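Next, two complexes with chain A in common: one pairs it with chain B, the other with chain C.
So, the complex of A and B:
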């Protein structure tokens, strides 16, 4: 009993310390993830496993953007995949023109940010399922362009090695450099987590939250729908595009056919399964939707693994409709019940 | 003239397929309040059953089509009772993701049950039965597809508009809670809607199957076009999406032929987006009234 209390106090102390310093928490979280990048060198995990974690990191950034849109402003986008593709392929096109990595990344971010603003303007008129399908239109238009237009090079665009910050040459083929790439994208993820945290805690975040509860009430309180809807869509597209840039940076070979409706649906699934409005929940959702099937299920079941991931999605949504991250509260409840039971037992023993 | 007629027949045929799929989607959207992304996959699954029966036992296309429609009915009922009904309290967006879960389950089941070989389904009426109008080749199968879809859709509209069960469907679509209070068996209505939607999707799959082979993504284009049709026509009526389906099919075929093969789709989609900006609830849609 005493030990239990001590452990509990210890963890309560740590979690209090951490919740007071969210940025430090994100940083520590990033360090834990970054350590995965060096495990393959020791032979503890395979290189493929690291690759899967790289995708988890990339999807986390994309899903965080959608979480801003879906969780905080209640709007849905089915065009996410198109914007991830814009980031990755756009980076490829610009870099093949000879533009350095950083400038190319900023250029694609500006272009898709403008596209996002256009959708945001559109969203003022169109609502609900109509808006969702309108974003699907955008996604399909982008997909058509990627697969049909010459400059995207048919099947795939090769970026080749990236000269990071102008002097560090990083190639996917070299193992040490690949670990370094992993480190960089983990760093990007931490930065994006901090950015999202700051947005959510700022005036913008509160305005978005008010808008998601009731548009009319928010408007009556003086929140400009135009401004914040634009903000929400621009942010979501920027996050998605940045995820695409990370994809291009890490993979250095970008397929043109991968940016379909399925991918957009998966990103929505990650947000919903993980937990709306929660940053760590988003990461958890990505881990459930992308990580678990690719890390374990596929090894054991092959193609049939899709059945299990499908059932997993359905069950999580039915039992945790607000996101799997809320399992934490259930665990806490169970733990308290266990503690109460144990202390009761002790009382009876003492008698 | 030849090209024009050929495009016309082609558009009518694909339009009918899109219309069938769109009708299934709008039916589920109205009764279950969710966008069913699995509509195409459910159709594909039953098309696999048809193709598999044909390959293994050599049954006629007409027979396997009937079997597939029956299994589609069952699939719809199973999905509704096992998955959609327990999730009744889940928010509409989460429900969409549940349909994504259904897609994944079916994708997993397909190679496990039917193997990985590609299969084919023939046309209902073989290609050799055809005749020429002004040089354009008109197949009896095309006529069959158009006529059957039209009859089916007309029958559905009649059913929804003039029968007691149709009335139950319409009231469930407009307000589920109130209709439940009024004694409408909304559960049965929803279940039958899923079954009907599954059958419509399967029929679309059977019509598409001869053009492409039977594979897991065979209905992808049809399904996306069906969504677009729903948006263009408006989800608040049952006939809007059907009209939208034909418009999209015509617009796409004609722009692809006369303007540009690559940019055809882009042009059509962009113009629909512009149209939606001015008429956000589709051609026939009404703005839903909302209380604050």
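So, the complex of A and C:
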């Protein structure tokens, strides 16, 4: 009992410190994830496992963008995959022209951001299910462009080794360098988490929420629907495209056929299963929808693993309709119940 | 003699064939508390929506003379009205349920932020100081309204009376010259209504604002207002002190029907 109290006090202290310093928390979270990048060297996990985690990291960034759109702004997009593809393929095309990685990344981000702004303008005219259909076809158009237009080439675009920051040559093939790439994308994820946190805790985040909860009140408070719809779509596209850039950087070989509606729908599921408006929830959602099936279920169930992952997702939605991130509150409740039980037991023993 | 702050000059508003507001003219002077009354469907909220520019296609003119002299509000976008010092509440409380009370107040201060999204992302010194200053301002208003202790709770789940208070607090964040209250006492119990009465007096005194309100609770309206505008079917009936309005034949008829 005493030990439990001591442990509790220890963690209460830490969690208080951390909740006051969200950026530090993201950094520590990033450190934990980054350590996965070195485990394959020790033989504790396989290289493939690290690859799955890399995808989790990339999808987390993409899903965070969609969370800004869906969770905060109440808008929907079915074109996410198209923008992830834009990031990855665009990076490939520019880099094959001989443009350095950093400049190529900025270029695709600018192009995608402009496209996002265009959809934002569009969203002022159409709402709800109509917006979903409109963005569905934006995604479809992009997909067609990637597979049909010559400059993206046949099956895939090879990027090859990336010269990062102008002097570190990083290739996917070299094991040490692959760990380093993993480290970099983890760093990118942490940065994007901080960016998202700072946005949603600022005037912009509050305006996005006010806009989606009550348009009239938002306008009366001076919040322009035009400006914040554009902001929401541009941010979501930038996050998605940045995810694509991370994909290109890590994989260094980008398929042209992977950017389908399936992926967009999975990203939506990730946001909803993990928890709307929650940054860690988004990561959790990606972990459940992409991570668990690929890390474990596939090994045990092989081809029918998708049935199990489907059931798993349905169960999560039934028990945690507001997102799996709320399991934290349940755990706390259970813990308190356990503590009450133990202290009662002790009282009876003392007697 | 106090100067006119809000002037409605022959304002009409149609919805299809229906004339919701019919050639309505009245003036609210600086420092007054004015009540707008009328039976259900008289067009009261429509008047508010015209004044705050939610409806743009009204006929006639609406002038507001706070920031600049006799500004035609039609030239303001609906989102710019608040910059003029004109701010409103809503009949059905319109707050962000999944933000804290404090954050809802900061939504009301939206137009006072100078820094942009980039400085927010980078959390520059200027952005942090600005946020802090506006938070302090919100604290002061929350203390004034007696809801400081619960500032970090979500709006969702708060009692109706508290939500009404939060909405009023939110209007105060924008340094208003004039507050337009759409049925502030609706859904409140007697004690809360009395409290609201004192509160509106204190707001007027402390923040030096003019108040225009719609209310069905006649006791409340008669107590609090300096002058009352009565309308029926969008038409002007009378504008006078509460006592005289009570004695006005036309107003009585509109509410109770004529003897004949």
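Just so we're on the same page, the second predicted complex is superposed on the first by the 347 of 351 C-alpha atoms of A that agree within 3 Å, B and C clash if a C-alpha of one lies under 4 Å from a C-alpha of the other, contacts with A are read in each partner's own complex, and residues count from 1 in each chain.
To be clear about the criterion, a contact is a pair of C-beta atoms (placed from the backbone, for glycine too) under 8 Å apart; a residue touches a chain by one contact, two chains touch by 3 or more.
Just so it is clear, the structure is predicted and the values come from calculations on it, not from any experiment.
Once the two complexes are laid over each other on the shared chain, residue contacts for A:350 go to neither chain B nor chain C. Once chain A of one complex is fitted onto chain A of the other, the partner contacts of A:141 are limited to chain B, with no touch recorded for chain C.
In the superposed model, A:217 lies in contact with both chain B and chain C.
Once chain A of one complex is fitted onto chain A of the other, the partner contacts of A:309 are limited to chain B, with no touch recorded for chain C. Once chain A of one complex is fitted onto chain A of the other, the partner contacts of A:203 are limited to chain C, with no touch recorded for chain B.
If you count the residues of chain A touched by chain B and by chain C, you find the higher number for B.
Using the contact criterion defined above for the overlaid structures, shared-chain residue A:20 touches neither chain B nor chain C, since it reaches no partner. Of the two partner chains placed by the overlay, only chain B lies in contact with A:126; chain C stays clear of it. When the two complexes are superposed on chain A, the residues of chain A that touch both chain B and chain C are 214, 216-217.
Considering their complex, residues 70, 76, 122, 125-127, 129-130, 132-134, 136-138, 140-141, 144-145, 148-149, 214, 216-217, 260-261, 265-266, 268-269, 272-273, 303-314, 317-318, 321 of chain A touch chain B.
The touching residues of chain B, when paired with chain A in their complex, are 29, 35, 37, 83, 86-87, 89-91, 93-94, 96-98, 100-109, 111-112, 116, 220, 224, 227-228, 230-231, 235, 262-263, 265-266, 269-270, 272-273, 276-277, 280-282, 285, 292. Residues 52, 54, 77-83, 87-88, 90, 94-99, 103, 106-108, 110-111, 113, 115, 117, 120-123, 127, 131, 170, 174 of chain C are the ones that touch chain A when the two sit in their complex.
Partner chain C is touched in their complex by these residues of chain A: 195, 198-199, 202-204, 206-207, 209-210, 213-214, 216-224, 231, 277.
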